[in-house]
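Next come two complexes, and both contain subunit A; in the first it sits with subunit B, in the second with subunit C.
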Partner chain A sequence: MDWNLVSKILLPEFIILGAVLITILLSLIDKTKKYTGLVATFALFLAALVAAISTQGEEVTKILNSAFISDSLSRYLRVLIYGIAALIALAATKYIEKFESPAEYFPIFLTATLGAGFLAGVNDFLTLFIGLETLGLSAILLVSYSRKLQKSNESAIKYLLTAAVATGILLFAISLLYGITASTNFAQVASRIVQLESISLLSVPLKILISALLVGAIAFKLAAAPFHNWTPDVYYGAPTSSTLFLSVISKIAGFAVAIRVFGTVFHNEFLLPMLSIIAVLSIIVGNYVGIIQIISRGSVKKLLAYSSIAQSGYLLVALACLRLESVGSLLLYITIYAIMNTCAFACVIYFEQETGSDSVFDFAGWIQKKPMLTIIFSIALFNLAGLPFVPAGFIAKFFLFSTSFSSGLIYAPYLVIIALIGSVIALFYYLYLAKLMIVDEPSFALKQLETVEVVAVTEGTSKCGYSYDPARLTAMLSVGVLIIVSIFGMDYLQGVSEMAIYKIGV
Partner chain B sequence: MQFLATISSLPFYILATISIICALGMILNPNLVRAGFTLIGSFIGIAGLYFLLNANFVAVSQVLIYAVGIVLVIVFAVMLCSLKEEAHNIKESVFSSKARVTFAVLISSLVFAVLSFVIRSQDWQAIAKLTGAERQSSLVQLVDDKYLSQIGFLMLNKYILPFELVSVLLLIVLVGTILLSKKDIK
Partner chain C sequence: MANLENAWLIALYPLISALLIMFFTHKSRPLSMGLSVSAVAIGFIHSLVLFLNFHDNHAHEVNFNWIKAGDFHLEMGYLVDKLAIGMLLTVTLVSFLVQIYTHAYMDEDEGYTRFYSYLSLFTFSMLGLVISTNLFQMYFFWELVGVCSFLLIGFWWYKPSAAHACKKAFVTNRVGDAGFLIGLMLLYAFTKDFWVNGIATMSFTSLQEAINYAIHNNGLELLGWVSVTSIGLLIFMGAMAKSAQFPLHIWLPDAMEGPTPISALIHAATMVAAGVYLLARIFPICSIEGSAALPVIAWIGGITAIFAATIALTQNDIKKALAYSTCSQLGYMVLAVGLGAPIIAMFHLITHAMFKAMLFLGSGSVILGCHHEQDMREMGGLRKYMPITAITFLIGTLSISGLPFMSGFWSKDMIIAKAFEVSPALFWIATSTALLTAFYMFRIYFKTFEGEYRGHAHPHEQPLAVTVPLMVLAVPSIILGLWGSPLLGYPLIHYFDSHFHAHGTGWGFFLHELSQPMGYLPLLSFIIGTSVAYLVYVKKKTINDKLVNVLAKEQFAWLYKGSVNKWYIDEAYEFVIGLFMKFFRATWKFFERVVIEGIFINGFAWRGSELVGEILKLTQNGRVQSYIAIMFVGLLFFVVMFLV
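Here is the complex of A and B:
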C-alpha cells in the first residue's frame, strides 16, 4: 500500500480530523469559548482549498483496498461539502453561544462533515455504511444540542428512531447484495451483478426488493417523500445551524451516495420508476404543505424544510433520468441550492439571534430594521424559487429541467412538467415571505427589539463580542459567491460539474 | 448445501424458538427490568444460532457485547431513571391500543411474508456455485485455527478505512453522550 498516495489524496480529511482533536482540546483551554468555531471554519476552508487545488481526481485512483475512490466526482463533491460546511460553521459561531457548553458543538460538526466527505468518495458498501453512521449519529447530536428546549429533545429522539429504521433498511439491502455477489466492493458487486444478469440468474422479486430497500434508505437521507415525515419536526426543533447542516450537507452526501450507487453499481429496470415516483411525491408534498405553512403563518424553518423536500424532488427528477447530462446538471443545481440555502438560513439565524423567534409573522417589515439583510434574504428566496433575479438559480433550474426533458426517458417530459408546476406553486410562498418582509409594517417582535436596543445603547453595554456578526457575514459571503458565480462563473461551473460526472470511476 | 442442512435441523428450531419466545416476553412484559432480563435469553438464543453456523467469533461477541454489556446498561438505565413522574406527561396515542397491536402485527407479518417470498424466489445454489471459489478465497476459513487472526488481519488491512472511521465515530459519540447526560452547572 502506498502511504504517500493515501496521505496525498486524504489530506483534506486529515486536516479535518486534526481540527476535530484541536477543537476538543481547545474547548478545555479556551475559557471564552469563542475560538473553536473560528478554528473549525478555518480548517474546513483549508480542506476545501486543498481538495480544490490538488491534482488528484484527474485520473481515477482507488486507495486503501478500493475502500475510497478519488475521481472527479469525489473531488467536486468534497470541495463543495467542505466549502459549504465552512460557511455553516461560521454562521453557527455566535449562534450556538446561547447554549450551555457551546465549544463542543464544533468537534461534532467537523466529524459529521468528515462522514459526508468520505461518502463523496465511497467505493465500498462497508465504507458507505460507516460513513452514513458517522454523518447520521453526529447529526443527531447536533440536532439535540439545545437540550434545555423540549422541542430540540423531541426532534432528536424522532430523528434517532427514524434514522435507526433507515439504517436497518440499508443494512438489509447491503446484506442481500453481499449474498448474491460475495463482495462489498462497488466494482466487484457491479461486475458480478452484470454477470448474473447476463445469464438471468437473479429473480425479479429480489431485484425489486433490493432496489426498493436502497431507494428507501437513501431517500430518507434526502428527505424525499414518502420518507420525509421526520423532516419538518426535526428541522423545526433543531438549533437553526443544525437545520442548515441537515438541509445542505446531509442532502449533498445523500445525492453523492445515490449517484454512485445507482449510477455505477446497482442499476436495473425497476429503479428509475421508483425514483420518479419519489420525485413526484416530494414535489407535490413539499410544495403543498409549504403553502399551508405560509397561510397558517407557521415557522420559517418549517417552511424552508418543506421547500427543501420539494427541492429534493426537482433534483430527483434529474437523477431519475440518469443520463450523464442530467446528473451533471444535478451537480450544478445542488451547488447553487447549497449556496442559496446557506444564505437563507444564515439570515434566519441572524434574525433568531436578534429576536429569538422564527415565525413567519415576525419577519414582517424586516426591511425597515435591516435593509441589507432583507435584500440578501430576498435574493436567496428568489433564487430558491428560480427567478432570474441574480440569474444563478434560474440558469441552474433551467439546465436541470432541460437536460431531464431531453434525456430520452419515456415519461421524463411528464416529470419535468410536474416539476415546473411545482416550482410555480413554490413561487407563491417564497414571494409571499419576501413581500411580507419588504412591504408590510414591522411586526411586534421587531418593534420590541427597538426598545431593547435603545436600552442596551443607553446602558453602554455591547451585546456582541464580535466586530462583525458571523451569521451576517455568512449571509453576505454566500450571496456574494452567488452573485459572482451568476455573473462570471456560470459557464465555468457548468463545465466543471459536467466534467465531474464524465470521469466517474467504478 | 451445508447452510440449508443446518437451518432445517432440530437444534436450529430449538434455538429459534427460545429467542422468539424471549423476544415476545420482552415486548409483552410490563415490568421494564424483567423485560430487560428476558432480552438476554433472546440474545443468547441468537448467539446459539451463530455457533450452529460455525461463526464462533460472532457468537462470542454477541454474548459478550449484547447479552452482557448492552442489556446490563439498559437495566441499569431503567433502574436509575425515575419513570413514574415522567409517565404522566406522555400523551396517549390517537389510536386505541387494540388498533396499534393489530397494525403492528399486520406490518410485521407483511414484512415477514415479503422477505420470505423474495428469498425463496431466488435460486441461491446457482449463485453459490458461481461465486463459490471467491467465497473460499475472500472469506475466512471457518474451521481454520487462524480464524481470529484472520479477522484481525482483515480489519487492519482490507477494511482499514471503515475501521479507523469507526474510531473517530466512537470518539465523537463519547463526547456527545457526556454532553447530553451531564448535569447542569450553575
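Here is the complex of A and C:
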C-alpha cells in the first residue's frame, strides 16, 4: 500500500483525527471551555480547505484496498461536510457551555464528522457500515449530551433503538449481497450482479428484497418517510447544535451513500419506484405535519425537523429520476440546503441561549429585540421555502425540479408536481414563522428577557465571555455565504456539482 | 446645427426642474417657481431658435437603442420636423404663461411647490411625446402624460370630487390606451420583418412604407377585423380618450376639479392636443387607399363637435361650459383629420391652444375675483370690476366664435370649408356647431361680464401675474390665424406642409369664398348665434312676459334636461357597466365565497390540511415500538407491492 498516496488523499481526515486528540487533551486543561470549540472549528475549516485545494479528484484513485475512493464526488462532498461542520462547531461553541463537561462535546462531534467524511468516499460495504456506525454512534452521544434533561435522554434512547433496527436492516442487505456476489467491494459487487443478471441467475424476489432493505436503511439516515418517525422526537430532545448536525451532516452523508450505492452499484427497475414512493410520502408527511406543528404552537426544532423531512422528499425526487443532470442539481440543492439550514438553526441556537425556549410562539416579535438576526432567520426561511428572496434557494430548487422534470423518467412530471404542491403547502409554515417574528408583538419570553438583561447590566456582570456571540457569527457567516453564492456563485456551483457527478468513479 | 442636435434638451429642461423641485427645492417657493418657469422659458427660447433656423422639409431624426432582444428592438430618440417645432412652440409658450399664472393662482395653496414640480413633469411628458421618433416611444410618453394628468386633476385629492375626477380621467384613458396598445401590437405583428436593417421600430418617418409593405408582403387586409382600418381605428381609440372624443369624452368636464391652471394646460396645449398630434403622426396609416378609418374618424369628430356644443349650451359652471366647448373644438380638429387635412387640424389646434388657454385663465381670474365661485348665476357685471379679464375674455370669445379676421375664424372656417368639399352632412353639422358655439360662448361672456353683479362677494381685478399671461395670449388669439389665412397666402400651412395646394390667395379669393355657401353660412351662423345670445342675455327679450331663456327651458323641458345632464352619458355608462358588474359580482361572489373560500381555502387548505396532518400526526405518538413497527410495515409494503 502506498502510504504517501493515502496520507495525501486522507490529509483532511488526518487533520480532523489530530484535532480529536488535541480537543480531548484540551478538555482536560481548558478551564474556560471555549477553546475546544474554536480548535474544532479551525480544524474542520482547515480540513475543508485542504480538501478543496488538493488536486485529488482529478482522477479516480482507490486506496486502502479499494475501501475508499477518491473522485470528484467524494472531494466535493468532503469539502461540503467539513465546511458546514466547521460552521456548526462554531455555532455550538457557546451553546454547549451550559451542559456538564462541555469540552468533550467536540471530540465526539469531530468523530461523527469523520464518519460522515468517510461515507463521502465509500467504496466498500464494510467501509459503508463502519462509516455509518461511526457517524451514528457519535451522533447518539451528541443527542444525549444534555444528559440532565429527560427529553435529551429519551431522544437518545429512541435514536439508539431505531438506529439499531436500521443498522440491522442494512447488515441484512449487505449479507444478502455478499451471499450472491461473495464480495463487499462496490466495483466487484456491481460487476458480479451484472454477470448474474445476464445469465438470469438473480431471482426477482431477491432483487426486490435487497432493494427494499437498502432503500429502507438509507432512507432512515435521510429521515425520509416512512422511516422518519424518529426525526421529530430526536430533533426536539437533542441539544440544538446536535439537531443541526443530524439535519445537515447526517443527511449529506446519507445522500452521499445513496448516490454511490444506487447510482453505481445496485441499480434495478424496482429501485426508482421505491425511491419515488418514499419521496412522495416524505413531502406529504413533512409538509402536512409541519403545518400542524405550527398551528398547535409546537417547537421550532420540531418544525424544522418536519421541514427537513420534506426537503429530503424534494431531494429524493431528483434521486428517483437518477440522471446525471438531476443528481447534479441534487448536489447543488443539498449544498444550498445545508447553508440555509445551518443559518436557520444557528438563529434558533442563539434564541435558545437568550431565552432558553424553542417554542414557536416565543419567537413572536423577535424583530423588536434583534432585527438583524430576525432578518437573517427570515432569509433562511424564505430560501428553505424556495422564494427568490436572495435567490440561491429559489435557483437551486428550480434546477432541482426542472432537471427532474425533464429527466425522461415516465412519472417524473407527477413527482415534480407533487413536490411543487408540497412547496406551496410548506410556504405556510415558513412564512407564518417569519410573520410571527416580524409582525407580531413581542412574546412574554422576550419581554421577560429585557428585565433579566437590565438586572444583569446593573449588577455589572457580563453574560458572555465572547467578544461576539458564535451562534450569531455562524448565522451571519452562513447568510453571507448564501448571499455571495446567490449573486456570484450559482453558475459556478452548478458547474462544480455537475462535474462532481460526471467524474464519479466506480 | 447645434440647436438641432440639442433639440432633446427642450424636453429635458422641465424634467430636470421637476426632479430638482421634488428632491431639493421643495421647501423654497421662489426657488421652485423660478426653476420651473425658467426651465420652460429656456425651452421656449430654444424652440424659437429652432423655428427660425429649421427650414428642411424632411424630418431630422436621431435614434438610440433602448431595448434589443434578438430581432426585436426598440429605439428612443428625438425627431424634429416642422410639425414638432410647431407643437414645441405652442406647448412651451402656453406652459410658460400658465406657470407664471400659477404663481398668483396657487399662492395660498400649501402644495405650491408640489404643483410646480407636477407642472414641470407634465410639460416634460408632453414635450417628450412631441419629439418622439416612433410609436412606442410616443406610447411611453403618452402614458406619462396620463399619469401626470392623474396627479394634477387629483391635486386637491382631499376633495372627494377631485379624487373621483382623477380616477375617472385615468380609467377612461385606460380604455383608450388599451386600444392604442392593441393597435400597436397588431401593427408590429404585421410589419415585424420590415423593421430590420437599422430602421427604428415604428418610426413615424417609415410608417407609410411599413404599412404598404405589410399590405403587399404580409397580406394585411384593407377592411375587416384585422386590417389597416382596424389598426388605424384602434390607435385612434387612444386619441379618442386623450382628445375627449365621444363616447370617451366623459372625463374632460370632470377634470375641471383640478386647479384652473391645470385645466388651461390640459385643455389648451398638452393632454388633449396629444390625441390630435398622434392622429397627425399616424395619418399615413389612416389615409391608405381603401381604408375606412378616415370616414369613421371624421364622423366621430363631427358628432363630438355638435354633441358637446349642445351640452355647453346649458351649463352653469363656467369651467364646465368651457370644458364642453373644448370638447366641441376638439371634435372640429378630429373632423379635420378625418376629412384628410391633418395640417388644418394642427392649425386649429394651435390657434385654439391660444384662445382656449386665455379663456381658461380668464375664467380662473374670474373665479379668483369672485372668491372661488364658479357658478355663472352668481356672477354678472364683472366687466366693471375686472376690465382686463373682461376684454381678454371677450377677445377669446370672439375668436372661438369665429369673428372674421380673428384666429379662430380662419382655422375653423378652413375645417368647415374642407367639410363642404368632402361631405355635405358633415358640413351642416360643423356649421350648426359654429352657430351653437357662438351662442354658448356669448352666453358665458354675457352672463359673466355683462348686466348686474348677482353674487355676494367683492369682485376685484387680479394681480399682474394673472393679467399679463391673459394679455400676452390675446395677441396670438387675434393675429395668429392670419398666418394661416388666404390673405397672406397660407404661410403657416405651407410651413407645415410644403405640398399644400391652395385654391387661391389674397383678398379677392377671400371675398369670393365668402360669397359661397361654405363662406357665408358660417359667418351667418356666427351672427345669428351672437345676436340671439345678445337678445336673450343682455336685452332680456320677453315673449308673453316671460324671459326667452326661461320660456325655452319650459317649452323644451326634455331637451333642456338632457343637455343639462350631459345627455345622460355618465348614467348610461353607469347603467350598462353596473349591469355587468351586478351580474359578475353575483357570480364571482358565489365563486369566491363557495368555491374558492368555501371549498379550497376553508375546505382543502384549512380543514383538509389539518385533517391530513392530524391523521399523520397519529403515527408520531412518541413510542419507539410503533416507530420501528412503521419502518417494518414500510419495508414489507415495498416487498409485497413489487412481488405481487
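Operating definition for what follows: the second predicted complex is superposed on the first by the 506 of 506 C-alpha atoms of A that agree within 3 Å, B and C clash if a C-alpha of one lies under 4 Å from a C-alpha of the other, contacts with A are read in each partner's own complex, and residues count from 1 in each chain.
By definition in this document, a residue touches a chain if its C-beta (ideal position, glycine included) is under 8 Å from a C-beta of that chain, and two chains touch if they have at least 3 such contacts.
Predicted model only: the values in this text are computed from it and were never measured.
Aligning the two structures on subunit A places subunit B and subunit C next to each other without any clash. By the touch criterion stated above, A:158 is placed in contact with subunit C alone, subunit B being left untouched.
Of the two partner chains placed around the shared chain by superposition, subunit C is the only one that A:425 touches, whereas subunit B remains out of contact. The larger set of touched subunit A residues comes from B, when the choice is between subunit B and subunit C. An angle of 150 degrees, to the nearest 10, separates subunit B from subunit C at the C-alpha centre of subunit A in the overlay.
With both structures placed on the common chain, the touch criterion links A:144 to subunit B but leaves subunit C unconnected.
Of the two partner chains placed around the shared chain by superposition, subunit B and subunit C are both touched by A:209.
In the superposed pair of complexes, A:180 makes contact with subunit B only, with no contact to subunit C.
When the shared chain is aligned, subunit B comes close enough to touch A:64, but subunit C does not. In the superposed model, A:406 makes contact with neither subunit B nor subunit C.
Shared-chain residue A:191: touches no atom of subunit B or subunit C. Once both structures are fitted on chain A, no C-alpha atom of subunit B lies closer than 8 Å to one of subunit C. Put simply, subunit A uses residues 204-205, 208-209 to touch subunit B in one complex and subunit C in the other. Residues of subunit B that touch subunit A in their complex: 114-115, 117-119, 121-124, 126-127, 130-131, 134-135, 138-139, 157-162, 165-166, 168-169, 171-173, 175-176, 179-180, 184-185. Listing the residues of subunit A that touch subunit B in their complex gives 17, 20, 24, 64-65, 67-68, 100-101, 104, 107-108, 111, 114-115, 118, 124, 126-127, 129-131, 133-134, 137-138, 141, 144, 147, 179-183, 192, 195-196, 201-206, 208-209.
Here subunit C touches subunit A in the complex through residues 609-610, 612-614, 616-617, 619-620, 622, 624, 626-628, 630-631, 633-635, 638-639, 642-643, going by the rule given at the top.
The touching residues of subunit A, counted against subunit C in their complex, run 157-158, 161-162, 165-166, 169, 204-205, 208-209, 211-213, 215-216, 220, 226-227, 229-230, 232-233, 270, 273-274, 277-278, 284-285, 288-289, 291-292, 295, 425.
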